[in-house]
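Following are the structures in question.
Below, chain A partners chain B and then partners chain C, in two separate complexes.
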Partner chain A sequence: MIETQAVNFAYRRGEPVIFDISCTIKDGEFVALLGHNGSGKTTLSRLFMALDHPRSGRVLVDGNDIAKLEPADLADRVGYVFQNPDLQILEDTVFDEVAYGLRCKKMTEEIIKKQVKDALSAMGLEDLADAYPRALSFGQKRRLGVAAALALQPRTLILDEITNGQDEQEKEDMMDYLLKLNKEKQITIILITHDMNIARKFTKRVLVLNDGNLVFDGETAALFDGSKDIEQWGLKQPVLSQLGAKLGITALTPEEFCQKVSLKVGEKQ
Partner chain B sequence: MRITAFTQLILVLAVTAWVFLLPVPLVATILALELVLLLYIKHDRMTMAAIGALTVFTGMMIVLQLLFGSSLYVSLTGGLRMFVMTTAFLCLLAATKIQDIAQALVEKFHLPCEYAFMLTTALRFVPDFLADSQTTLDAQSCRGYSNRGNVLKRLYSYLAVVKPLVMRAVAKSDTLALSMELKGFGANTYKNMAPQCLGILDYTVLALIIFMSAYPYWQKYI
Partner chain C sequence: MSNPVIKFTDFYYGYINSDVILKDINFAIKQDSFTVIAGPSGAGKTTMCKAMVGIVPSYYGGRYAGNVEVLGENIKEKKVSDLAMRVGIMLDDYESQLVSLTAGEEVAFSLLNHGFAPSEVEDRTKKALADVGLPGRENYQLDELSGGQRQRLLLASVLAIHPEILILDEPVSALDPDGAKSLYELIYKIYKQHNMTVVVVEHDLNSVLQYATDLIILDKGTIVAQGPFAQAAKITYGYPALRENLPELWQIKFDLEKRFGIALGEWRNEAAALAELAEKFKGGQGL
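Presenting the complex of A and B:
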């Protein structure tokens, strides 16, 4: 569980960027963190990982103040995948890259091999174990970042713009896998994204940041039912929600939309 | 009215020579002028931090010289000279665009453009390098690598940053080389820019530089 208590933050040489944010993300939730560019999404997620520290307020992970947790303890609980996958690469081979965190934890080579193999095959990278990570395609680097975080088997995964630079099929596969992780292993997923369709389709709860303020915290359906003017926060309703709003229908998936339209047509006839 | 990058470069080189040629009170006066000029050009936190860091470094240098047996006068003069030279470069960097410095080096000093580019790139890479090292530390911390502990442990753990940092620098330089080639980098790169013509202020400053640099010859007449 991640909890923020009245968190405020400003960079060293700048104006405040996060204002008094309090929220709780419970175990097993699949949450989207939305907001326009510069709204504070990445900054908030960096606070979750103690990469930055709040000016005031506290961030708690499983009830522990993260300022007091050792990096190894925090990495055990929360995995973080960077927005730019190039920034995350630390080693010369894909295998070593995924094994990095496990070696920091001083695990045996046998366990390392097993966990790395599992993480790589989950991301479809098992054939690239000996490849040079910087030579991978952008999409593969993204999946490598996720594999490296997964290898540590954290209870929470924070994924910053994970679907950027991936084709539609890769996006779907990645999201399906995350959904499976969330449902089967009860891993908490915090998805930072601009992609309203992804948020609408896969998440149950949405947090919206606007200029460093938490302006919406609620169910995904409530955000995309057409009743909220989300454009004031720099967001755009997905096409399905726009259509739904015109027809007076709330639907999160195309299937649900078609079903409700058929019902409506049936009622009229 | 501004002096050109060429004159500024000559002035910086001249200041570097003056710290050895001129008497200490004059060198101290130059330092005061430099500080006023630097704070006039740029008075943000970065500049204050740079002056602060330079002061600490100078202090350390003076203490080291004293520890190794130099007299107080020699140590203080050495520190003052270093401070004046470095502040002159800080003034140059604060007042002039790196691109203008490169152009002056190619156009007026006839330095091959590859060397001019190398110099400007090195200057430009410093903040990039610092940002990259912080990002690498962040990436390591996210995977459970700790650089906490006493000074020795922290120094040792910083060694782990070197490898990924070098890998990233190599990848970056590769991209930079490719991008330069695509943009047609070559002999004409700096020549296509508007020429830096010397104005009356430049000639005045250059005359002053010559006058001050001739101090050993005219000091006996004062």
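Presenting the complex of A and C:
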């Protein structure tokens, strides 16, 4: 569980960027953190991971004040995948990259081998175990970052813009896998994203930040039901909610949308 | 049809120690078109861009068959550097293309390498920076620019050579939706102003729906569909596995057309779709 209590934050010598945010993310939730560029999404998530510390207020992880947790202890509880995968790459092969955190934890090579293999195959990278990480495509590097976090099997995963640069199929596969992880292992997932479709399709709850303020905390369906002016927060209604609101149809895929149009027309005739 | 500015004939290519990446590629890109190349990851889109400027195979080596003609010349007979004065390219990993300390030096770099006079370099640099919305930033250090600004800076460096063709490989992949929207608006403005031919690799067709005149869909190294946007989109819709590469609006369009045996407009934005659907749908009575 991650909890923030009246958290404020400003970067060194800078203007305040996070204002008085209080929220609780419970175990097993799948939450999207939305907001326009510069709204404070990444900054807030960095506070969850003690990569930065609030100017005032507290961040609690599983009830412990994060300022007092040992980094290793925190890393066991929360995994973080950076927006820029290049920042996270340390090793010379994909396998070693994913094994890095496990080796730091002094796991046996046998366990490492298994966990690395599982994480790589979950991200569709099993054939690239021997490849040089910096030579991978941008999308592959992103998946490598996720694999490295997955291998450590944290209770909470914070993922910053991981679907950027992936094609539709890769996005679906990645999200399906995270959904499975969330359902079967009750891993808490906090997804920072600009992709309204992904948020709408895969998450139950959304937090919306606007200029450092928490302006919406509620069910995903309520945010996208077409009744809210989310453009004032720099967000865009997905195509399907725009069309759906006009025609009174709720659908998550174009196919479902058309099926429902078809049914509706059928009923009237 | 206007003249093709890029023409691939029976083209095959494989990198060193790799399988054949592109197979039996035949297509032509019309002058003044805004052509979008789309398809799943690993389809060969980036390789095709590299072949358009000759760095495949000149720089990468590998196995190569067939012909690539750019602006009427066979690229096998041209040096990459000669072509570089007529065809500008922006790679997806744009940071790797930046080489200088300041914005002005960055834009001037290729001009100086090609021996332009200092006054000409200065003029073109000034103009190119203004074109991309970075006027007067000549003396800015690169690390004073945000990611989005650095990307526009790179676009300025490419524009400064006054290319006839602009090739962009996933230009917005590192930008948020607002940044992506404004970069495409900028690219479109430049495209219109300078009467250029634009070729863009983009997997999110929603973001280029307003601009694309032509479409090429690549899958597993071969061309599945090509032609004017509406026509190529329709062919693509015929392949269920590739449908999701199309903009959502068009997936809906083709699905409804099929279900109801009707013809809907060539929607280029949500407003057009909304207007037509609301009108045809009439609360469920229509269609």
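Here is the rule we go by: the second predicted complex is superposed on the first by the 247 of 269 C-alpha atoms of A that agree within 3 Å, B and C clash if a C-alpha of one lies under 4 Å from a C-alpha of the other, contacts with A are read in each partner's own complex, and residues count from 1 in each chain.
Just so we're on the same page, contacts are C-beta pairs under 8 Å (C-beta built on N, C-alpha and C of every residue); 3 or more make two chains touch, one makes a residue touch a chain.
Worth saying up front: this structure is predicted, and the values here are computed from it rather than measured.
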**Request:** Classify the contacts of A:Y80 with the two partner chains as first (chain B alone), second (chain C alone), both, or neither.
**Result:** first
**Request:** Have a look at where A:K264 lands relative to chain B and chain C in the superposition and call it first, second, both or neither.
**Result:** second
**Message:** A:A148 in the overlay: touching chain B, chain C, both, or neither? Say first, second, both or neither.
**Reply:** first
**Asked** When the two structures are overlaid on chain A, which partner does A:V116 contact: first (chain B), second (chain C), both, or neither?
**Response** neither
**Message:** Applying the document's definition of touch, where does A:L240 land relative to chain B and chain C: first, second, both, or neither?
**Reply:** second
**Message:** Taking the superposition on A as described, I'd like to know which of chain B and chain C A:H36 touches: first, second, both or neither.
**Reply:** second
**Complete:** The residues of chain C that touch chain A in their complex are 39-41, 92-93, 170, 173-174, 176-179, 203, 206, 244-245, 248-249, 251-252, 255-256, 259-260, 270, 273-274, 277-278, 281, 283-287
**Asked** Residues of chain A touching chain B in their complex?
**Response** 13, 46, 49-51, 70-72, 74-76, 79-80, 82, 86-92, 100-101, 104-105, 134, 148-149, 152
**Asked** How about chain B: which of its residues touch chain A in the complex?
**Response** 45-46, 135-136, 138-146, 148, 163-164, 167-168, 171
**Request:** Going by the contact rule at the top, pick out the chain A residues touching chain C in the complex.
**Result:** 36-37, 137-139, 164-170, 194, 234, 236, 239-240, 242-243, 246-247, 254-255, 257-258, 261-262, 264-265, 267-268
